[in-house]
Each structure stands twice: as C-alpha cells, then as structure tokens.
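Got a structure here, written out as structure tokens. Questions coming.
Which chain is which? They are A, B, C and D, in the order written, and residues in each are numbered from 1.
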C-alpha cells in the first residue's frame, strides 16, 4: 500500500457512461490481487474532497500498468472519466482483501452486474494465467446493451460466457440471476464470485445459500479513509455487528453479511 | 453585461508567473471600455467558489476576442494560468466603469506597476486608435525584469515609454514613482492614469495632488458579486464613506478615495 | 402532465413558486436585471434596511473560504427613508412580491422601520433580521435568546399588518426555542439560516482577513448545518411555513431543504457564482416534480422525514 | 538559523511539536503506518474509547459534502478492556505520547474508563469527548451545558493523574462558558472544535444519506467556524493550552489556528485526503518559523490578535 502519483497513459471512453483508464502504477501493478481497489483523489482542490474507491480491473506487472473501469454516476466519476492522458492521478493502493483463489476442482462462476464486472475481469485473468487453477464461466448482466461495458474483456478470459439484459438488447432477456439459476442447476461449479448492484448480489447470495454453494461478494460502501481507520465504510455482518468494506473486505464470504440490512 | 462561455483561443505563459489568455467573447470585445473587467468562474466545482475579477488588457471587436493578463498569486490565478486552449471560461462582463477619455490637449501619463499594467494597455490602445485624442507616455515599474510582463504591449502603444525596476535589472533603477516625478517636472502632461499595487498608487495619488494634476486610479478589492449587489468590494471614500470597486469603480478620481485607509 | 403547482403561501401572501433571493445577496434586484429573469422569482427579498443610514464595516468585507465565503458588510444601507424614495419605486417592474429585510439596534428601530415600510404599499412582506452576525450591537443578540426575540417579534407584529417572517441565527445551541418564540409572538413564517460566525486569518500578514475580524459564513460549506436546522424546526411542527437557505446552488440542493421540511427556499451566495441560479432552481424544481410525478411541490415538503 | 523550537506543553507533558491527530480520524495509528511517519507526530490521539464495546451506528456512516464530510460512526470501539489488551500495546513503537479520547453515557462511565486507562501506564494523556454529536445520550449533552460539563470534568479529574484535555462542541451559542467550566473543573487543556451537526439528504431516494440521519460536519468547510471559536476562547485567557482543529489541510491552515490563539493543532479529515498531512504540517510549521525568523513557534500563538 502506497500513495502514488500515477501517470494516465490512456483514457478510452466506453459506451455512453464509461471510461477505461490505463495508469502507470508499478507498485500497484506488482502487488495487486483481484478484488483489491485503489482510492483516488479527484483533484488538488477541496471539492470534491474525499477519495473515490475504484476496483482494479487489470494489472500488468511487466509494464507496471493497471486498468480501471469507471462508470459516471456523479461528480467524482465524471472528473475521472474526463481525466487527461499525460496527467497524473493521486491514488492509494492496492487496498482491501481479494477473492480467495479456488482450489483445484470444478469451474467457478463469476456473476457481474454493471460496473461490478471490473474486479471479476482481474480475477478471471488471474485464473486464466495461473497454471493448475480451474477456469471461469462469466455471467454478465445489465439493463441493456449500453450497460455491458468491456464485456469482451471478461468473455476473453472465461471458458464460457453468458449475457443477460433486461430489455433483451444483448444476450438473454432477463436478469443475470436467471443465468445463474441455470448454471447452479448444472451442478458442476465449485463457487460463485459476484460483484454488482446490491439487490443483485443479495439475490445471488440467497441462491447460493439455497444451493449450498460457496459465494464471495465484493461490496461497495461510501468511504472515508480507505485504510481501515475511520470505521466509515461498514456493512452489517452476521458474526460481527459491522465489517469494514475497505479493510475486512471488499470481498466477503456471502454468509458473513447480514443481507437483509445491507442497503 | 452578459454571462458568457468564452472559448480559450490561446494561453501564452509569460515570464515566470504570468499568462496571457486570448478568449473569444464577442459581446465583451464589442462593448468593453478600458478599465473594465470580467468576473471569471474558475471551474464548475465549489472550490474555489467565488469568481475572480480580471481587467481587460485588450479588446478586438473585429475578431470578437479579448486578452487578459493573469499573474499567479493564489489558487484561482493558478487555475487560470493552467487553463487549456480549446476549453471555455465562464465570465461575466464587461463590468465596472472605465478610464475617462482625456480631452484634446497635452499627453497623458500611464503609470503601471506589475499586473496593473493590463488596463493601461487597453487604454493606450484606445488612445492610439482614436483620432484626435492625445497620445500616452507609459511608465512601468516592477521589482525586477521578471515582473515586467508584456511590456512591449504597452511600449508599442505609447509615444514615450520608460521602465523602472527596483534592482535595476531593466530600465532605471528605482521606483516607477521616480519616473513619474521626472514627468511631472516636465509640466507637459494633462492627467495621470494609474493601476498597480496600492502603496504605489497611493504615492502616485499624493504626487498628483501635490502637482494639482488630475489622477485616475484603478483599484482592486476582494469581490463577491462583481455587479454592485453585495457591497462586498468597497474602498473608503472622501465624499461617501465607501465606494464599490465593482460598480462605482474600478476607476476612481484619486481625490475621491481616502488613501490613508485604502489598505 | 400539466405544469406542476409550485405555489406556496407565506401568511396571506401567495407566491407563484417557492424560490426567493436571500437578503443581501441580490441587492435590489436591479443589479441582476441583465443577468437573470428576476420576475420569475417567487419573491424578491432585498437587503437589510435600518432606520438611519449605515456606512457598514471597514473593508475587506468578503473573503473566500473552502466552498464558502465570509462576509462582514455590516448592514450598509441608505436608511429606510432613502430606501422608500430611491429603491422601492423601481421594483414594481418585476411584478413579484417584494420582501424587505429589516434590522436595527433596538426594538424601537425595528418597529419604526416596519411601520414606515408598511405605510408605503410598496412592500408585500417583512423579514426580521434578528441574526446579523456583523453588527456590534442589536441584531445578533435578539437572535440568540428566545425571550428577547419574542419581544422583538411581538413589537414588530403590532406595528405591521404585512406578513411577517423572522430570520433565525444558526449560532445557537438549540434553534427550536427561538423558532417557537418567533411563532408565538406572531411570526407568519421563519427563514433559516443566516450565516455562521467565522474568522479567516491571513497567515503572512498575521491578521484577520476581514476588516471586521469576524464575518458570516455562507455558501455550500454550511448547507449540511442549514438542512439540519430546517429538519429540527420542521420536527417541532410550529404550524408556519419555513424558508430554507444556506448553500443552495441548484435545484437538487433546494430539494434537500424542501424534503427536510422547508416550504420555500432562498438563494444567496449562489447568485455571485451563477447569476441566473434563481431561474435554474425554479425550472429544476418543476422538472423534479415532473420526474417524480408529483402535482404539487408542497406535497413533497418534509418527504424525507420518517 | 538553528532548527526552530516547535515544542509545546500540555499539562506536564511536553510534545516535541504541536501536531496531533484528531480522534477518530487516524484509527490507532497503525492503519497509517505505511503511509505516514507516525513517529513524527507531537502526539497520537486515538479513537474514542468507552467502558463497554459499542457497535456504532448503522450505515451509511460517511457522506461527502462541499469541502467537507458528515460522519456518524457512533463511537464504535471494542471497549476499554479490549483497547488495553489489543490496541495500546502496539503503540509504543511510535515512541510518541498517546492520548486516548474517552466517551460514555454517564459520568461513572467516563470515570471508569479514565481510571482503567490511567492504571495501564500506556497512555500519556486523556481527552474527554464531551461533544460527540452522534450518540443518542450522554456525550453531546455534557458538552452543551457548563454545569454538567464541569461536573463531568471534575469527576474525571479526580480519577486520573494524567494530563486531562476537554474537547468542546461547537454546537453552542457561546463556547466560552463551557471552556471556562472545563478549565475550572481541572482540565489541563482544551481541544476545539468537534464536528458541527449536519444532515444531507438523498433527493432521489428522499431520505437522509446517513443511516443515523444526522452526522458531524468536518473538513475545510468548517475551518472558519473553528478558527473563530479558538479566537473566542483564546480571548477569554483561561490559562491553559488550546488544541485547535477543524479543516486543517496543510501548514498554512494550521498557522491560522496558531495565530488565532491555539498552542497546538490536530489533523482530522485531511488524513483521509492526504495520508501524510501530519508530516507535511510538521515540516511546514518549521518552514514558516524559519521564513518568519521566529525561534519558538509558541511565540506566534495568538499573533494575529490585536
């Protein structure tokens, strides 16, 4: 974990609301594990004041670069999407824990919704590159075809890849959880890794619990420090009252979270 | 007076701390008179919050462009100096009153210090271009040669031009008021127009009062609205307790100001 | 969908929409006539007026702070007689209610100003400024103690038949007793908040940046405090409309106040930043109603409350 | 010029420089060990500790506001016994004084925590948090009334021989009587300010953004208010050192507090933005002294005052 001024090598706008940022950040690229995030300062001014947590979508230790997928949802992400190539970004990272690597055995299922696909891409990449690990099947859902940012990045790293959109504009019409239901019925997966909107993850967690399938969810919460100090980013747990997304997470075994109160 | 999104055509860094911005702002270019200013919003964020007043250095109605001379003294002027060509600047203008045109007769003296040279350049330009008006003699002072931004712009518009620096690195060694003393002794000028640091202007005002020479000074004050509404930008007067720099000024006949309390 | 109904009542006065200017930040309206459509306002609230002319404080009077500003204007105004002669006659062109903010050093001052303004027929409501943080005596003190605030409001109430608004200071431990005192004394509405008292120091010169040392903090920086105070006073359910202000820069910010319990809003510091903020807020509130399929904005007042 | 003397005394405790962390914003120091040189601090002020463990408030607990943030952590901590067992033993590696912020629902709670911490020998001073805006009972109330604050401070004073700091709430009409009550009851120093109470509303969801509804406003937004309160308390000349905080982002901001009358400063929200702010402030204060040719920083305390 370091505080780094990372050079912006590329900023590729994606679809309507997304950008993929490629940054030169060797310390992060070398140390990052899938699921971890960087905590980004948006400018040198005092508004917006706080850093924004962004998952690491890909890390390339050789080139010392990382890639981030940003979705514009407010002022901070808007500033990031407008960041200029050649400029620098002040970030802390890598932060947080990571998706536990699956043991030898059956395939794993990656269930992504919207921008939540980012850490799953990194995870699929590691699974693909690590000899002896089983490969991944990717399930990716969005409202419509314009909400399936960088889907090829996930598809290319998975052995099988399925898409669902609510309006049917791409892949199956329906929810990504419909895709998951089919996969769970196949009975040939060993674990589920998910990141996306909370209602989606809650549903995934419930389906996995039902199917006695291990499930790991990567959570979001508004953050202060990003390093475990302020206790600002908690989500309700089952064993402990509250867990810190920035330090105890962002990845949690689904059963450790009190999903009814994860709002 | 309008609220305009002006395109930044050029941003030329000058010396160490200055930039000359050329903006496409036809409304301002057509309506501006020397001494007037524009009130600039620095970004779309809420920090820095308030606009910054900047004098119009030159206005070219034909091309619809204006030029501004910015000196970096804090965060706002730093942002302006870093403004990107091709971007836009949100400004209000033209605002304030202007230097009264001299009647036919003797030459006028323009006494500028530091960035205060900007409105005097515009004034010299108008004097030069308006047939029948007398020409100007420019006196320009700074701490050293690195504080004499755009001096050629003033020199080229004046019939005579003199420079003083405190360290003697350019022109006479001394203060611009030393140059003024010589000019006043010549006894062949009809009025003095001045803009620069307050101690300099106070000295100029005192010398002119002594010599019974009409003197017009362009003042600075921290501003809120820039349009006369908030009463935030006042300076102490002799007839009225307080005068608004943004509306009653920025140009004042020197005798209307209570120079002892203009701090 | 038909145009949403944005109207709101302040005492007997019906405003076509809930957007006003915050006193002292929009001059007499005329200063902004070229930059904003002033007649689109629900009401024009003008600068504080006192019985006698006031020079105001010595400069510098304004200084920027993070996402805010300090001001110490010190009630500079030409006095009520000049206001009636020079200023008010120009305001009927906007064709909107005019609300004059009144201030003074003593109850008698306030009463005299209220009486004179009421006689003119040029003013549609009065706002008692019992909370000016920039005056040595008077103003601020009234705003800090329920009993003296009640006394002040009663006296002004007796002197005018115009709708009466009391503007509250945020520089108090508990704003509710002050709000209650103002309402019990006959206030038809409450404005909140005025500015928070602050100081900024020039560390190179080693002295306060403002000529007056202290100033009033306004702008987005104070919005969370302002929304909280509206929330608290709304919870007390005093039966009068609340006019919320403090850092409103756009319609979203205005909705924060309305959802917290404000019936109307006022735009202050934002006028300096974006001179047509008033127009954007009026439009934006309509858009919000349409987007949320609400016919009457007043139905959303306090809608964020449990 | 020799290195300027930045040291300051808080009760019997001498700090090598006046820069501390603000309670609750730097965890137990260890969280920042990779990002900042913690041992360069004048003192490490750690999170509020209560007698029994506390779960804290329901999320969301933090939200950004213009140039600031609201937090409603709700005193989450493992309780004094766990703190003594798990946390304090790791802090001696920093080799700087450790100050524990203590909180509770009753005077007895505070006293018990103070007594336990004092016994350990692991703590060099205590800071009474009489101003937590995020707890239903206790904390906040003590901070709003001079008599109960005095009672609380006296009781804790009797329970500990450690230097005792009282942290004051800014949510009051007049902070001076509270400051005086704390000093008269035996406080060796005063910390000011804690956070201002605020609310932010999610206008799309029409509910408060924080799970707790209200939160404490911190960051640059509140700096002018904090500097003003330091100025006021310094004017009362109570004879104890003041620790100023509220929106300090850099050495210039820290100097505002010192010139206003603070003997020391604490860095809070800035830690989240720039994790090595503490180091930059220590360095910057030294630079300021050198540039202004001042040998002892303490000679500049209150230097902006008339």
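Operating definition for what follows: a residue touches a chain if its C-beta (ideal position, glycine included) is under 8 Å from a C-beta of that chain, and two chains touch if they have at least 3 such contacts.
These numbers were taken from a predicted model, which means no experiment stands behind them.
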item	value
Chains touching both chain B and chain D	A, C
Relative to chain A, chain with the most remote C-alpha centre	B
Gap in Å, rounded to a whole number, between the CA centres of chain C and chain A	46
Distance between chain centroids, defined by C-alpha means - chain A, chain D (Å)	36
Residues of chain C whose C-beta touches two or more other chains	66-68, 219-220
Chain B residues counted as touching two or more neighbouring chains	46-48
Arrangement of touching chains [line / ring / star / complete / other]	complete
For the chain D and chain C complex, residues of the former touching the latter	65-68, 70, 144, 171-173, 196-203, 206-208, 213-215, 217, 219-225, 227-228, 231, 247, 252, 255-256, 259-260, 288, 300, 303-304
In the complex, chain C residues that touch chain B	24-28, 31-32, 34-35, 47, 55-56, 58-64, 66-69, 71, 73, 76, 219-220, 249, 269, 271-276
Complex contacts: residues of chain A adjacent to chain B	43, 45-48, 75
Residues of chain C touching chain A in the complex	66-67, 220
Chain D-facing residues of chain A, complex	1-3, 41, 46-51, 92, 221-236, 241-242, 247, 261
